[in-house]
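Two complexes, one shared chain (chain A), two partners (chain B, chain C).
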Partner chain A sequence: MDFLILIIILIAIAIAGILISIGTMLLPIGGAPAAMFTSTGIATGAEMMLTGSGITGILMSAVLFRENGLIVMVNAGLSSAIMMSTVMLICNFLAVYGRGVPPALYTREKDPITGENVKIYITPGTTGHGIPTACFISGIIGAFLGGLGGALTFIPVFRLLVIKALGLTPSIEAIFSQLIEVSSSNVLSSIVIAATIALGMFLINANITAYAIRGVIEGWWDPKFKNTPRTALACFLASIVFGCITLLFIL
Partner chain B sequence: MTHISVLTEKRISVSSSYLAVIAIVLSLLSICLGIPSLAAILAIPSIIWGADTVRRIASYGLGTGVPSIGNLSVSIGILSSLVGLKYSPILGVLIAAATGFIFGVIISRLKILKIPHFPRLITELSLAGYLTLTCLVVGVAKTDLLPMVFNGFLNDDVVKALFWTGFIAAIYWASTLAIFHPFNAGLGADERQGRTLRIATVTSGVTICLSGIVRLGNAGILGRPWMVNEAIIMIAIGGLIWIYGLISLYNACRREAASTLWTGIPGRGGLE
Partner chain C sequence: MEPILIAIGVLALIVGLITIAGWFEDAESDIGSQSNPNSQVQLAPQVGTIHRFFNKAISGEPVSNGMWCMTAGTIFVALWLGWNIHPLISIPLSCGLTTLFHMTFATTAYLGRITSQRRFGQPIYIDVLVSHLPLIGTHGFMVTLTILTISYIMYTASTSIIFNADISRYIGYPVAIPMLTLMLGIISGSIGSSTGDTHYGGERLYQHTVYGEGVSTKYYGNITIKAELGWRNSIDTVWFCTKYGSMMAGLCYGLILLFDNFRIFLGNIYGQVFLNVCIGLVIVFMLFLVNRWIEVWARRKFGPYMENIKLEGGK
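Let's turn to the complex of A and B:
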């Protein structure tokens, strides 16, 4: 197989790692404190949230396996964003109507998007609660980037597996453009193998970022967001290592 | 004051190197022999080793909860296990160890996790994940009894049994749960290695039982009635290990909880 194609696939997987890392950094992760509404963010740990949004994105790209690469990526990102915004909406319902606390930020005096003064609503002794507007928008962008990254891992792996299985000639066009003369029963096992590999890569990158966050993050204004370049570099390198294993499996 | 020393000192009943040698030798041997039920049952040493490694990593405090390290271990394990299944189990072991070590070096050099000996720990973890996953995959999907040392076994039947049906997802999450759950359930101030590893026995019994059920399904899907025998062996032995683990965990908990050191009331509530 052409050496250039392998390099391009490796670069796509590494860029996907960076996208997943930045996407994770943008999500409002609340962890265990948020489950008691004593911290801003979604009430679960990073990896459970990311497994949800990652699986949604990968399922969407598996459903649209015949389409153009760009359409698949945007759709996967949108489906992840819809999933994550549903979670955030339910979380806010629970905070406001269940617990009776208004959404409030801790690290900023004013909401970075709407400019209203949200810090005065914080219960003394807690670090914010619920998901304010800025966290919500940050979370939507983060989930979109995460889904984009998941699809960008899925597409090259899946197309390469299909090309190998059907005996077509590999080229960049065949990897990123529309597949026309392929029936779904021929590519079922390729879809599942590619989804498994993409999920593995997604969880590795998401866990690196979760370790860099160490618990709670609010959005792009949080002091922990300054760790992003280092984390993105780690995800880039790890994705290249695991991308090499994936290519070894496919060839 | 002997009571306090019992509380503070961390008692270790089995050394990690001993567990590592046993797990690598037994699990790799069972994969290479290629007898499905034996391979599935000999996943136990790997699961126990993985649970012990999770215990050593996560006691430093990860900041995101214990499940993340189990996910990481099996995610590295599944990528190297695909290579191992396609080419050779021994190549898979080498790749799991090498990628685990490189990953550990990347993470500790970039100062993302500050845990001493992180490369060694993550190497052990990825090896344990690889061995567990491969043992269970051999147990679930292998359709013959031939040994496999320098050859893979990813033929059409196996692809159908693992990937068409989507059983790989069940195996993936079952191995993740088996590796991370023992420490997640046992962590706390008075955590002890023996008790955590007893929970690992319980989770490995559950996992083997689940693989037996999956193999039963595969026997029907592939239309090979003789696969049912091994499925029944796996379900029975997995169930026995499950019950044995529960009884031994219950006995250990009762024995250790019977010696009440402090009633919990400060000042006058202590035992005289």
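Let's turn to the complex of A and C:
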């Protein structure tokens, strides 16, 4: 097999790692305190939320397995964004009607998007509650990047496996362009392997990023977001190692 | 029959089933105090609050749910393809076997967790264990049953011909059943853990605190242990949470699958994948607008916290 193709797949996986890492940093993660409305964000851990939204994107990539690579990536990102925005909306419904608390930010006096004074709505002894507008937008962008990263891992691995199974010659065009005349029954095993690898990518990169988040993050304005370059570099390196193992496995 | 009509029927069926899956998944985690509010149930004996809640945090909710669903999916494939048992029999059979597995984990998790709190005076209530286990098992059974059924339907829709019509163009996930159950199980756990559990952790565990404020850290561990009659247990909790928190978790999962499949569906009807992207953007924008409306409505309705604007007299 052409050495250049392997390098390009490895680079795609490494870039996916960076995208997943930045995506995780942008999610409004509240961790366990958010389940008691003690902190702003979604009431679960970074890995769990990113994996949940990323898998929605992987399912979309699996459905559109014949389409052009770029279209698949955008669609997967949007699927993740839809999943995330629905979850954030329902979180707010639960905060407002379940406990009677309005959404509020802690790290800023004013909402970075709407400019409203949001700190006055915070209950003393807590660090915010619910998902305000800025967190919502940050979460949509984060989930989109996470889904994009998942699809960027899924597509090259899946296409390489299909091309090998069909006995064709691998090329960069074949990996990222449309697949024609392939029935869904012939690609089942390739989809399972590629989805498992994408799932592994989510867990590895979200876990590394969770160490930088340390439980709670609100969005791009949070002081912890400054750790992004270092975290992205760590994810890049981890993804390269993971990509090498993946390529050894599928070749 | 027209393929498109069958596809619409399948879409309606899976959205209904997945709503039930999300609902029961969150109720199951509320009975076992699994997920993030578990930190409070775990902390309670350390601050002197002896309780009668079931306490099983086997692992993170998405991972454990993915595990149950994948176990059921694997057993189902072995029964269906290996022993040629009809899916209508092998689906409940595999879910029943998974329930035994689930209840074993719940028992060891409860006994292990409560035993570790002996030094704080927390006793193991055998009646709590015996009365809660069937409920955990039945709720877990419903989750695995619905998710496995959806996986089977979506797999069959994408790979086979149903009623002499090929609907794979419109609906279906071309993923092998064990992997699909794992993926749908992880998504369900992730939704239940992030949405429905806030009703349990934020409201039900702290009903003695003031409604209308977030739970301050000074109350941590001091959970509500008295019920309307006697001591509160996790069966009382699920009675309360299933009416709003769990229902909203189910609604959330149903909406996600509806939006996602509706997008593919419309795009494929018109043969334009680009249409998927446009519909997706419209859906995200609409969700954003609804979120903005609920935020503004809540702030106007509840007003700021009075201590924050130097007014006295509470909220």
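One rule holds in what follows: the second predicted complex is superposed on the first by the 251 of 251 C-alpha atoms of A that agree within 3 Å, B and C clash if a C-alpha of one lies under 4 Å from a C-alpha of the other, contacts with A are read in each partner's own complex, and residues count from 1 in each chain.
As a working rule, a residue touches a chain if its C-beta (ideal position, glycine included) is under 8 Å from a C-beta of that chain, and two chains touch if they have at least 3 such contacts.
Remember, predicted model here, so these are calculated numbers, not experimental data.
**Q** Going by the contact rule set out at the top, does A:Leu188 touch chain B (first), chain C (second), both, or neither?
**A** After superposition on chain A, A:Leu188 lies in contact with both partners, chain B and chain C.
**Q** For A:Thr196, decide between first (touching chain B), second (touching chain C), both and neither.
**A** In the superposed model, A:Thr196 contacts both chain B and chain C.
**Q** For A:Ala34, is the partner it touches chain B (first), chain C (second), both, or none of the two (neither)?
**A** second
**Q** Quick check on the superposed pair: does A:Ala210 touch chain B, chain C, both, or neither? Answer first, second, both or neither.
**A** first
**Q** Using the superposition on chain A described above, determine whether A:Thr86 touches chain B (first), chain C (second), both, or neither.
**A** A:Thr86 contacts chain C only, not chain B.
**Q** With both complexes superposed on chain A, which partner does A:Ile42 reach: first (chain B), second (chain C), both or neither?
**A** Once the two structures are laid over each other on A, A:Ile42 reaches chain C alone.
**Q** Tell me which of chain B and chain C touches more residues of chain A.
**A** C
**Q** Give one of first, second, both or neither to describe whether A:Phe3 is in contact with chain B, with chain C, with both, or with none.
**A** Neither partner.
**Q** Which partner chains sit in contact with A:Ile71 here, chain B, chain C, both or neither? Use first/second/both/neither.
**A** second
**Q** May I ask you to decide whether A:Leu59 touches chain B, chain C, both, or neither, giving the answer as first, second, both or neither?
**A** After superposing on A, A:Leu59 lies in contact with chain C but is clear of chain B.
**Q** Which positions of chain A sit in both the chain B and the chain C interface?
**A** Looking at chain A, the two contact sets intersect at 31-32, 45, 47-48, 51, 188-189, 192, 196, 199.
**Q** Which positions of chain A touch chain C when the two form their complex?
**A** Touch residues, chain A against chain C: 31-38, 42-45, 47-49, 51-53, 55-56, 58-60, 62-65, 67-68, 71, 74-75, 78-79, 81-83, 85-103, 119-126, 128-133, 136-137, 140, 184-185, 187-189, 191-192, 195-196, 199.
**Q** Please name which positions on chain B make contact with chain A in the complex.
**A** Per the touch definition, chain B meets chain A at residues 62-65, 67-69, 71-72, 75-76, 78-80, 82-83, 86, 95, 99, 102-103, 106-107, 110-113, 159-160, 163-164, 166, 168-169, 172.
**Q** If you look only at chain C, which of its residues touch chain A in the complex?
**A** Spelled out, the residues of chain C in touch with chain A are 35-37, 39-40, 60-63, 158-159, 168, 172-176, 179, 183, 186-187, 189-191, 193-203, 205-206, 211-218, 220, 244-245, 248-249, 251-252, 255-256, 259-260, 263-264, 273-274, 276-277, 280-281, 283-284, 287-288, 290-292, 294-295, 297-299, 301-302, 304-305, 307-309.
**Q** Note which residues of chain A are touching chain B in the complex, please.
**A** 31-32, 45-48, 51, 188-189, 192-193, 196-197, 199-201, 203-204, 207-208, 210-215, 230-231, 233-234, 237-238, 241-242, 245-246, 248-249
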